[in-house]
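Structures given as structure tokens follow.
Heads up, the next two complexes both have subunit A, just with different partners, subunit B and then subunit C.
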Partner chain A sequence: MSQVLPPPPLWRGRSVLERPDPWRLVPGLAAAAAAYLAFSPVIFLVYGTLAHREPGGILFINYLRAYTAPGAARMLGNSLAYASGGAVLALLLGTVLAWLLERTNTAFRGGLYVLAIVPLILPGVLFSIAWIFLLSPNIGLINMAARSLGLASAPFNIYSLAGMIWVDGLHNSPLAFLLMSAAFRAMNPALEESAWVSGAGLGTGLRRITLPLLVPSLLSVFLLLFIRNLGNFEVPALIGRPAGIEVFTSKIWAATRRYPLDFGLAGVYAVTLLLLTSLALFVNSRLVRDARRYATVTGESGRGRVRDLGLGRLLVGAGVLVYLMVIVVLPLGVLLWNSLLPFFMPPSQAALAALTLGNYAAAFAYPQVSRGLQNSVLLAAGTAVLVMGIAASVSWLIIRSRARGRWLLDVVATVPITFSGVVIGVGLIWTYLTLPVPIYGTLWILLIAYLTRFLPYGVRACSAALVQIDRALEDVGEVSGATWGPRFRRIVLPLLRPALLAGGTYILVVTVREFSSSVLLWGPRAEVFSVVLFDLWQSGLFQQVSALGSVLCAGLIVLASGFWWLSRRHGLSPG
Partner chain B sequence: MVHVEGLAKQFRVGARTIPAVRGVTFSIPRGAFFTLLGPSGCGKTTILRCIAGLEQPDTGAVWVDGRLVYSRTGGTAVPPHLRDLGVVFQSYAIWPHMTVYQNVAFPLEVRHRPAREIRQRVREVLELVGLAGLETRPAPNLSGGQQQRLALARALVHAPKVLLLDEPLSNLDAKLRAQLGRELRAIQRRVEITTCYVTHDQAEALALSDLVGVMTEGRLVQTGPPQEVYARPRDPFVAGFVGAANLLPGVLQSVNGLALVETACGPLRCTPPIGLAPGGDVLLCVRPEDISLTTEPPAAAGRNVWRGVLEEIVFGGESSEAYVRVAAVSLRVRNSGATLPPAGSTVYVAFSPERCVAVRPSALP
Partner chain C sequence: MVRVLRVGAVVLALGLLSLPGTAAPDPVAAVALYKAADRQQVLESAARREGRLLLYSALSLEEANPLLEAFTKKYPFIRAEIYRASTEDVALKVITEYRGRKYLADVIELSNIDLGKVQNEGILTPFLSPRAGAYPRSAKSAQGYWVMTRANMLVAGYNTRLVAAADVPKSYDDLLNPRWQGKMAIEADDQIWLASLWEFWGEARAREYFARLGRQGLQVRKGHSALAELISAGEVPLSPHVYNHRAEQLKRRGAPMDWTVLDPVVAVPQMIGLARRAPNPNAAMLFIDYMLSAEGQGVLAKLGRVVAHPFVASDPPYLGRGFRYITLDPAKFLAQFDRYNGLWEELLVRAGR
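Here is the complex of A and B:
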């Protein structure tokens, strides 16, 4: 097939017209940064656990040592019991709440919906502390109230596996609620309505249609909560350790704190945690694929109306309100109450007379408090800006470019989701003790930890927004003669602005709250606020911790309201 | 039978209330195929959901098979699972976690029928809808048409008193739609079930129904057999929505056997309107296919004949449409077969008075 092509016209000469564009390097650099962040901690973590041994020792000596250590089996059992117990409780509460708010006409639904999301904002450290104030056998307000009613001994003991599961389940129930609400919304209500008109009453319909249809979603949400709990360190640190209940995260932390430091042991437990998490996520991805097979033709979706509870709607609404009081108002209230008292007192005339703001003054007088606050704000701002910047470029490469290996970049951007905070912490310790970069114990290593942890969320927010933006808008820019740099700066970024703002605010909130990486990586003069709170708590400064906690909660609620307002205004969904 | 009396329903959207149904009354005789026809948002699906019990009307009453199932004032509200109905939803709502057999057996199982009877009845009804042999197939592995048949089988298996269908054909392609529509009608005749069918497709409604109720903006504006609704619209909305129509404003002059109406194109004779007095404004409705078009003046022979200018011809395959200007009015004429003169020619249009109906300009207050 010999075809004579016309000679290329002279004016197509690209090198003549197009100036070199340094901006063209940006996506490449961002991709490289994302890849480095995702892979360096894992590589050095695995390398460290294998290489760190006595000369001549066997390759897997650290693994052998860790798995045969006394208490290793009990620790594994505790971890699984805590993680699954908390997940089941959260799933139960969240699913019932989601059904009531999505499928019935429970009273005050609008207000309850907003209230139900608030606990997501509260840091785990403070939520755990608040419940210690309520359910500790000695100082817990609820136990004190029970004893004043004549009970001989305290009825509740938070320092137990049940206590850990209770606090964790309550704290995660809003997340379960959000995810299950989404599952209900994705399910065509006509499926349930047709069971109803076929002759099935409420119970039969729920048992034979609603629940079986929700099974893939329930399993998937359970696994996500399970993974979160495995990596959770707040509850094990504050409740588990005093009770002598060790789990993966607390074992890892202990190994990096005691003398002699045992990074080998910490590394092995971190690798094990990573493997468990990856396995759960793999199973989850299969489940999600199965769930998609369940999708049916939907006509007018969202047309489904709610089930009329009659007068019961007021009763159920009141019940939900009480539950939300328990998970929102009670913890916040007890923190605030304690912050205003010189020492523990149950509410009484005398206590009211003793109210003082002294704890606030005293707490902020500690130098590490103001330093921690400053560091946290600085790190949060830096993380938010860098994450969203890298995320915008990386998302553009994944969604828009035709570069080979885009799928690899997608993987790179998702992999860190499997890393819990503790795994990132140990991984980075190994990385920067091995590499000749002296940032261990400084704010820089914290910044890297936060970037690694939260980049996937940024990429997800940007990708979702970018998919919505018509590619032709950029093509027009190209046809008009703009090179990549101006196109990205003057077309893509402004269009992404709502997503960047909302995503950035979300990153601010989660960075300020971050605890499980920070507690492994902080150093002298490089404290962050959540770690300072934990430190003061361990020193027994309970009233001052309450004061600082109240301030932090107020700040986070303001930030989260900003996020909510931004998302609403730009019609984005949170998450 | 089904009887709906003074049914009204409002929806709240934020702070606003939107009236979906504004006082509708109708009866479906036993064994009849009744269609609620109207554009989307006219309230027809809301009425269907009120009959099913999935929605509670604000006012009014509903009887199913002689039993009062809903009455606001009487405080009666029978829940859907006790109304003994079959419903086919627009999305079919086939349960994806069950097989074909399990889907169909469900209504019998929740009624605790003996296993023998369930097996036999499911087989019968699957045969009826043409799905015999697919019992063990997982429900999501069915085509659109098969899902529609399955939904119908599930709605009929427990021999309900009334069958409700909410746009059951709208998710299918045109060819399948026509075929399944005919099958649906044949099955309905065979089991002689009282049926209420909801659609926005006027061709579907005319082809399938014993009775058609035309709805707009929450009101039922005309009910009658399809032929009557088409040939004798009593409302300009019905004339325009059911088939195409030329609508000409005029003033009713006199009624003497035929009615005489003065229009912008000249005087015209038409079928005498019901309940309209001379001197009042009327709207004349003439179907495009009832107007003949010639280049020579035709013999009047009692017909209305006007002279006009052929403005535009739109070729449409089996028939063409011509737009003829008479005075200030443009008339739409459907012309099958005969070749048309070029645009700009002087032509004559003619139609018989029997084919021309006068209606009140707007029946809606």
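Here is the complex of A and C:
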């Protein structure tokens, strides 16, 4: 590692030229932390799958057992169908919306941009629960409405593969929307305009120019969503398991819940999932590299010509409204409605008369709830600060230092992006049951899980910002005789502030939502909010879950809009 | 470099000193088996120093919190907390923790099956509680590892709007009526229900019965409490095995739900045990005493649970009385778990899909 670091290694003493500066150690420590976070769970995961076997057994016995188990092929099929189905739905919705927003004058564009972000903030646990309340065969409000209109049986059943894809696709559609909007903006509008000028109709222009240009972005966003879905555990836990549809994450979870303990099996599924996501990410990186051939951003940019939809403007606007209803109003509404009921009732006179705030009182009286909330906030703040701190130093090493082996650090800092939450969970259980570090079942292991999961996002945010900052600014500091510490603190960090704030807020929100690592790693007195929600749901306390969920959603939305307001006031770019 | 080595050596030595096995007589066992006349005073003054208690249990938070509050009222110097999850999960949690040499649990209260797993792993230690004397021999371990605190009675639960009074099943055979095709749900991991009836009826009758039941197209839901909630919501019209205390609770809140006994009722006893390396053994013993006392059992009964104390009636009493019930030997069940799990999957779960 000594070659990577600009300052000399600590055991060699100080260089005579530089004044003593403990800050010099920071980049090295940050790099070491990133490497430790990335490698320890994987090493112990792989080791565990080989070591957990009968003495004298075959080395790969766990792999054999896992792959030959009945239902393994079906599980793989389900996983792929679910992950790609959800990705396609999200991509379809996101691309259409992005096109409408970027290229047409459809009605309600402003509302679309603001409201579409809401599902990004909502925890997956709550989004899934809300849709169960809407589409469950008998108690789902939409199904009830359909039956009251004269349908003999419920038209929808959320407990199915289609139901899983629906919930997941909707939940991810705003992400696809944001990414595709960026792709549209990066596309040189002149190409589309020339088609327009040459008299090509809307359809021809779309088919011959816009779509072909978008292909790399579409594929790349698809793969990104696919990877996310493979690692998603909220939907498989809440909807997939009751329906008997197993995917990788739920299989891993189930394997850690067997008696006698069978961590070998859980590990094999986790390693396999890891390989799958790595493969998808590898394909994606190839794609992005090849995408240069499609380079269409050529200095000249700016918004494409806005197409006037004429009267269709209102029609399409109505479609946008329906979409916003489906992703924001319905889920939040059904949670609020349920939170006020003494037990599940369809909307009626009797139900209105029975409305009560009792669930809020009961739910917030649990000491577990307030402690879970406290822990979640504490962990989120800690994760955000640490991630952005480590990320700033690591990105500086990658982008700015002249050290050899920087590319390796780049890889190390990006690797955890392939770890889904469940994989990190299983890996860390093993790591800290093997290592003599007594943090299993405490908040510390959760902190480590969150750092591992979210560090790559922090590094991306900081690297992107650093690239845009002229090196000369730092050189001025160096010429004026400032050592690394002051230079970093007084020049780099202030310049990075917008990126640090934006990245930190993002990490704050995703950490509060985090479920799939937490559910494996939480322990006594170390519960976090998403796990408390899940446990109350499993105990059948649906109304209290709704009450807590409503409050949490309100809080997260206030937090996000506060950030949005702040960033507009200070002229930071949001996102 | 030398300094680094020296520090390393000290750390290693400290680590070795704290290894288990080198310690003197087990302090937890000493507390657990103490039976002199001053027991209560000794426990209380030591518990005062401990100041904490961590209970591992599957009691839902709705019930656990009032129970712990009542206990803390009696011993205000103990800060009692609970780690709660489903009974299978709690068992696996404590087993994993003990493998990782992480000793947090003081008292463990789980179903006989899951406490059986914990006991198999050597995590329990025998205890003597003067309160255990009132209980019949069948309700406590011969070696003193556990005492029964309550029972979950598995009865048929139904939605009163979706099931007419005349159609309410009166026996297990009534569930095979074509009327219930696609209308019933089972809990995802209730192998013990199948196993208990299997033992009771014998191989031939049981296999035929469950095969026919499976052909009724059963839905599967996770969690008994959730299942009861879904019945009262109308998501599921009928289930052959909900907890009667949970059905009664919902009925009292005005939900359209009721329950009925199918003979014989399968009872799943819940037991309490002491963790071998409990960090707060004195507080733990006070809590076990309390849970087994008429006072603690009264609190549980008032929360609507079916209690084990022979002289404390459940509330209402018919939750635990007036019907025949069977229980299964946990050792036997665990030894044959794979077989029962296979039957469960084959006959009921998979047949329903």
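Definition applied: the second predicted complex is superposed on the first by the 537 of 575 C-alpha atoms of A that agree within 3 Å, B and C clash if a C-alpha of one lies under 4 Å from a C-alpha of the other, contacts with A are read in each partner's own complex, and residues count from 1 in each chain.
We take it that contacts are C-beta pairs under 8 Å (C-beta built on N, C-alpha and C of every residue); 3 or more make two chains touch, one makes a residue touch a chain.
Computed from a predicted model, the values in this text were never measured in an experiment.
Chemist: Check the residue A:Asp308 against both partner chains and state whether it touches subunit B (first), subunit C (second), both, or neither.
Modeler: First partner only, subunit B.
Chemist: When the two structures are overlaid on chain A, which partner does A:Asp535 contact: first (subunit B), second (subunit C), both, or neither?
Modeler: second
Chemist: Looking at the overlay, what does A:Trp196 touch: subunit B (first), subunit C (second), both, or neither?
Modeler: First partner only, subunit B.
Chemist: In the superposed model, which partner reaches more residues of subunit A, subunit B or subunit C?
Modeler: When the residues of subunit A touched by each partner are counted, C comes out ahead.
Chemist: For A:Phe344 in the superposed arrangement: first (subunit B), second (subunit C), both or neither?
Modeler: second
Chemist: Could you say whether A:Asn188 touches subunit B, subunit C, both of them, or neither, answering first, second, both or neither?
Modeler: Once the two structures are laid over each other on A, A:Asn188 reaches subunit B alone.
Chemist: With both complexes superposed on chain A, which partner does A:Leu213 reach: first (subunit B), second (subunit C), both or neither?
Modeler: first
Chemist: Return first, second, both or neither, reflecting whether A:Ser480 touches subunit B, subunit C, both chains, or no partner chain.
Modeler: After superposing on A, A:Ser480 lies clear of both subunit B and subunit C.
Chemist: Examine A:Tyr259 and indicate which partner it touches, taking first as subunit B and second as subunit C; both and neither are also allowed.
Modeler: second
Chemist: Using the superposition on chain A as set up above, list the residues of subunit A that contact both subunit B and subunit C.
Modeler: none
Chemist: Please output the residues of subunit A touching subunit B within their complex, sorted ascending.
Modeler: Spelled out, the residues of subunit A in touch with subunit B are 188, 190-191, 193-201, 204, 208-209, 212-213, 215, 293-301, 305, 308.
Chemist: Quick check: in the complex, which residue numbers of subunit C touch subunit A?
Modeler: Against subunit A, subunit C makes touches at 15, 54, 56, 60-62, 65, 81-86, 88-89, 91-93, 95-97, 99-102, 104-105, 117, 188, 220-230, 232-236, 246, 250, 253-255, 337, 349, 353.
Chemist: Would you mind writing out the residues of subunit A in touch with subunit C in their complex?
Modeler: For subunit A paired with subunit C, touching residues are 136-139, 241-242, 244, 256-259, 261, 342-345, 362, 365-368, 429, 432-433, 436, 438, 440-441, 523-525, 535-542.
Chemist: What part of subunit B is in contact with subunit A in the complex they form?
Modeler: Subunit B residues touching subunit A: 49, 52-56, 79-87, 89-97, 106-107, 110-111, 140, 144, 147, 151, 154, 158, 164, 167, 170-171.
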